[in-house]
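A, B, C and D label the chains in the order they appear, each numbered from 1.
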Amino acid sequence: MKILQIDSKRLPLIATIALFITMFVFGSLRYTGFFSPQVFLNLFVDNAFLIVVAVGMTFVILSGGIDLSVGSVIALTSMVAASLTMNAELSPWLVIPISLLVGTVLGFGMGCLIHFFNLQPFIVTLAGMFLARGLSYVISVETISINSDFFNFMASTRIPIGGGSFISISVIVALVVVLAAIFIAHYSKFGRNVYAIGGNEQSAILMGLPVGRTKIMIYTISGFCASLAGLIFTFYMLSGYGLHANGLELDTIAAVVIGGTLLTGGSGYVAGSVVGVLILGVIQTVIVFEGTLSSWWTKIAIGALLLLFIVLQRVIVTRSKTNQETVSH
Amino acid sequence: MMKSKLFWPLIVLLIILLINLIFDSSFFNIEVRNGRFTGSLVDILNRGAPLLLVSIGMTLVIATKGVDLGVGSVIAMAGAVGAMAVSGASGDGLTPLFLAIALVLGVSVLTGVWNGVLVSRIGVQPIVATLILMVAGRGIAQLITDGQIMTVYYDPFKFIGGGYLLMLPFSIFIVAAVLAIAGFLTRKTALGLFIESVGTNPEASRLSGLNSKNIILMVYMFSGLCAGIAGLILSSNVASADGNNAGLWYELDAILAVVIGGTSLNGGRFYLMGTVIGALIIQSLTTTIYSIGIAPEINLVVKAIVVLIVCLLQSPEFRKRLFGGLSVKKSEKKSEGVTIS
Amino acid sequence: MHSNTPILAMDGITKEFPGVKALSDVHLKLYPGEVHALMGENGAGKSTLIKVLTGVYSIDEGNVTFEGKTIRVTSPQDAQDLGISTVYQEVNLCTNLSVVENIFIGREIMKRGRIDWKEMNRQAKELLKTRLNLDIDVTKQLSSYSVAVQQMIAIARALNVSAKVLILDEPTSSLDQNEVQQLFNVMRNLKQEGLAIVFVSHFLDQIYEITDRLTVLRNGKWIGEYMTKNIERLDLVSKMMGKELNELKSNANKEGVKVKEEKEVFLQGKNVSKKGKIEPFDIQINKGEIVGLAGLLGSGRTELARLLFGADKADTGEMMINGSKKQLHSPRQAIANKIAFCSENRKTEGIIADLTIRENMILAMQGVQGWFKYIPKKRQVELADEYIKLLNINPPNPEQLIKNLSGGNQQKVMLARWLITNPDFLILDEPTRGIDIGAKTEIQKLMIKLSEEGMSILFVSSELEEVLRTCRKIAVLRDHKKVSEFDNDYQISQQDIMKVMAGGNVG
Amino acid sequence: TGGETSEPKDSSGDSKSGDKLVIGFSQVGAESEWRTANTKSMQEAIKAAGHELKFSDAQQKQENQIKAIRSFIAQKVDAIVFSPVVETGFETVLKEAKDAGIPVFLSDRAVDIEDDSLWVTFLGSDFVEEGRKAAKWLVEETADVEGDINIVELQGTVGSAPAIDRKEGFEEIIADHPNMKIVKSQTGDFTRAKGKEVMEAFLKSDGENIDVLYAHNDDMAIGAIQAIEEYGLKPAEDITIIGVDAVKGAFEAMAAGKMNVTVECNPMFGPQMVDLIEAYLAGEEIPKRVAVEESMYTMDQAEELLPTREY
């Protein structure tokens, strides 16, 4: 009995994974060439940066906040990395830490504003979003193409994993980030504090938890992840551009929420967000393989598939929740 | 309570307007031209009408602890539907106009029903529920217009967003009417109380016998309706429907307006007048950026700074630090880090 | 009994909220090895004094010395670091986390740089079992437990630190007698170990049983400090209330409850049950009758009440209301049938924190009327004023936000919300939780008066004495099952009922 | 445009006849009428030639476009056509295409990659040239005007290639004419509504001083025309109006005498692209850059051409 029972907190996650598999099987049956390891791996190759931002965003949302600045931070990071590499001709060993600082510092700043002045995260990070994108335009409105050995290496190295399939270095980075995040979320004090704050911030304060410090840290981490994603994005694009990752914040939030994290905070899993990203990716892949949809039907199809996922997920979760209540006694 | 919520946003609005005065001494002048009032202030109201409408709807949604990301797409859809309805019409007969209006209002309320059902009946989180329409709605709008920018040649249609009544832009009257209705419904009936109650503590509200599901549904319907009217104004104003671009990013501006106005994204108490001021701040900022010749590259930086200033001014903690030296005791007493409920 | 230097001293403490002077010039001395009671009516300032001490609120004036040093505590975290461990009045835990986490968060057990979940589970289980006699699955989410259990867990959390000062703000308000004894045992042990304990409770029996000294507050002012054994009950009560209260002695008048024969049936439930929550039970409630529900912690009283109100849907059984068959699917429907339910969990199921006293009071009434028939503002204020007076709510300002009220006053507003709907059947789940003795007797009298006027009442309380005093009929629950029901002829003793609750049988 | 549309039929006949190609086409999005017309042209041409089209819409996001190209590779299409969202950033994925032996054709916008073996050819417009054309027309028109000419500019989306290039081309020419001054320049996001709103603000601040409006696309110009009329001035008379794209709306405006000129940016090069693909796969030499034929239309030609405009 006990073994068969699924922890109700994990239900959304399990439902999501099941839905992802269903979708992938559906694609494989319907399209030739879909069922190949590479198509699956491409979900990671093409979404490595999204996975990394989603991980950062998961912490933010778990704490009951939101970070709208991530897309712009990616753009700003790519811009900084590109201009430092190409215009200032700095070595990558300087460029990378500086670029990573961009989001980290911005995130730290936003966290401080949110904590010390008790401002709403939505609005602070919205300002952060405007600021970061604005700053990337200030650096240059034009795209800066990167041509450096290091960046080329990071961009084009393929790590073969048998059967002719490959992944990129960025995928490895993303997976390391995911593992680290899972550890932090479940095996560190900080991680548990994040959940507590998301559950009830007042209580967390009264329980004597370091709420302020944790909150600042959360936005710093999210900023760092956005910057790291920005670097991955730069490897992916080999360019810096102010319009990069436009609207990515919504994709990220969607991925996190689809992955089963509650927007009200306190409940969810890092791994769920990864699955959320994969789901968005698989929706896109299916649409490309379909290959006959006009621009507007593309949008409608994305909406419809999203709807399908979310409603199915809800149905599965509520169904088994009611079943579970009766089982557990 | 109410007063202090409105005070700082009002100050910021005034400052923005005053900055304009430096660049253009006739900024506050309102003159009669071609039998109409013209002047920057009238323009700001006129231009801001769609944002005002959407923000009013958004306020109620946010008060229930929700959010409606679909408004931008609803604007596009409403414009497309309206333009399509009058596409065959010509001359001055008013029947097609009323038909179009009825159709648009119907469609936009339907979008609200869609969002509301997803949120209240199926229990989808508002941000994702409305994200669906945000993505798909634009597709539908483009489907209706076949990806083209549909130009309207039917003159009465242009009245909604471009016409004048009593020497003032007609859109201002629409906003006033919607605001009055929203104000009436929420302050002269119990709807406002119910919305705030559901937004603050849904479970306690349910146990007190409120029909939270229907209240939430209603709120999304109203938001859809507001967005629909805004879409009608926008498309009528340029006499065309642009499925792809109409209403782009309106959802963010509307949320911003609501938050600047003092309503919390955590639901509960809402301030319609605050939202109005918030929307006016955003609109006057935009107009100011255009008219004082700020380089487009730094538009966003300016916007970021203004947003931050408004928020900081509203934060008691910040004011305490800023004016700390002046009146230590008074401000210290007022601000409490934590309120326990 | 205790050494001569106080471990903690608060002097001339003043705290003002906008419009309310919550504390003015209050003193408190705390010695190691004593249990010190804070006494006062609802809204006297007890919780505020505690929160000022632990850094939740800043102090306007006055100073605090701890172990001889002047300290300035700016956050609960500081207080904890100093060795002040607190259980606040409302359960302030994170319901989204598991029981273990709620006990350990902030000081998790680490092993090789990571949280040692296994060890923590073990220790949590042991702590609850040995110290509080609570045997529960500690890995389950806190939200799956009732308020009473949550309160025990909050206490366990506070016990789990090596503190020098332990503050317990109304920890016993929803515990039954067994649990209270359990807690007292623990407190006595801690006292032996030299801890200083601050204890807040509205139960005089408990105060006289466990405390050594007490400080009385009234209206935010310091009235005095007394040795518990040296002050008479009536004396203490009049110190708290600021007036002599002779009526206090003569409590609720038993004559009033005396049987009025041939009552009509108001509600009849047959075979009502909900899987996993409560087993099938029958219940009959007559018009103008007060029925008490007794049972131990987690025996299913709340669950039963919720089913009758339609807050949860019953799986089986049927209900007759006023002679006609009714299936209640929602509170809304119940209220339309003139049923009211005052929940035991005022924080999550009762108050609408952001709204005013007035709005909170009229909410249920407005709910039945629908949104279009708005009760005119003038009428709302009248109603609010009426109940503020009736229940002696403080501050008596209908426009005050309810979240700024003291716990007991919030509870009174909740009562008012349901009284305003003028129900035929009123379900009260621990309605006197956290309410001071003065108000408690008032409420008991009110219940009797209402029942005489024809209102049926289902009264759930962990305080047996209260149940015995007011109820005409008493049903006993054990392990989610209704095990017994008897008429109250005022011969039954608390002991008899306790036996049934615990598993013995009285027949 | 007219001459070219008939061509593909013959050419598809004599290329590797009967060979049905699978062509993957990744479009930027559907952000403007121009783009929609371009998509349509491509779709119809490919269909007319009897090939199979795999179409993907990137919704204006480069990352989507890269994903789409990867999927095309996975589907082993015969050729990939794409209109890059931006010039940069396609190196890696184009290498993958090259390794998979799939030829890549660029449409509308170029890419900025040193290794030009990664793509076969670029077919599209020259935005800088469009800017130059607009300016040259203005210089000619105002050759006999004494004194300053105040120009206001409605830019496209900040950072987008057409916005940057059209600005650059225009400024390059007027730099030689010190009497021409851009007094205000602001983005109108390529949309009518924004174009109107920004123009209103320009009129508020500079009013009658504005002599010329240069809009980076016709839609913004059309929006601005409404603003000018509402302000009480006569578009095309009081303010000279220059647009780019030559969409149908611009012809309507010109026919009504409200707009002076529009520089063509021709989206209807689907058939031309199909020819190039077929020729390449048949083993022919292809030039690295093929220009789309484009001209310029003024008010006088509008009436006559209006009925023939397809988009």
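Criterion: a contact is a pair of C-beta atoms (placed from the backbone, for glycine too) under 8 Å apart; a residue touches a chain by one contact, two chains touch by 3 or more.
The chain lineup, named per UniProt: A, B = Monosaccharide ABC transporter membrane protein, CUT2 family; C = Simple sugar transport system ATP-binding protein.
Everything quoted here is computed from the prediction, not taken from an experiment.
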| item | value |
| --- | --- |
| Intersection of contact partners for subunit B and subunit D | A |
| Comparison of A-C and B-C (more C-beta pairs in contact) | B-C |
| Centre-to-centre distance between subunit C and subunit A (centres being mean Cα positions), rounded to whole Å | 44 |
| CA centroid of subunit C to CA centroid of subunit D, Å | 72 |
| Distance from the mean Cα position of subunit B to that of subunit A, given in whole angstrom | 29 |
| Residues within subunit D bordering two or more other chains | 29-30, 36, 39, 158 |
| Multi-chain contact residues (two or more partners), subunit A | 137, 141, 202, 205-206, 294-296, 298-299 |
| Junction residues of subunit B - those touching two or more other chains | 142, 147, 297, 299, 338-341 |
| Touch relationships between chains, expressed as pairs | A-B, A-C, A-D, B-C, B-D |
| In the complex, subunit C residues that touch subunit B | 16-18, 51, 56-58, 60, 75, 88, 90, 92, 309, 311, 330-332, 334-336, 341, 343, 347-355, 359, 363-364, 366-375, 403-404, 417 |
| Complex contact set, residues of subunit A against subunit C | 8-9, 183, 186-189, 192-193, 195-196, 198-200, 202-210, 266-267, 325-326, 328-329 |
| Of subunit D, residues touching subunit B in the complex | 29-33, 36, 39, 155, 158, 184-187, 189-193, 196-198, 200-202, 204-205, 219, 222-223, 226, 230, 232, 249, 252, 311 |
| List of subunit B residues in touch with subunit D within their complex | 23-24, 33-34, 40, 43, 47, 142, 146-149, 151, 162, 234, 237-240, 242, 244-246, 248, 286-287, 289-293, 295-297, 299 |
| Of all residues in subunit A, those that touch subunit D in their complex | 31-34, 36, 38-39, 42, 45-46, 49, 137, 141-147, 152, 155-156, 233, 236-239, 241-247, 281, 284-285, 287-289, 291-296, 298-299 |
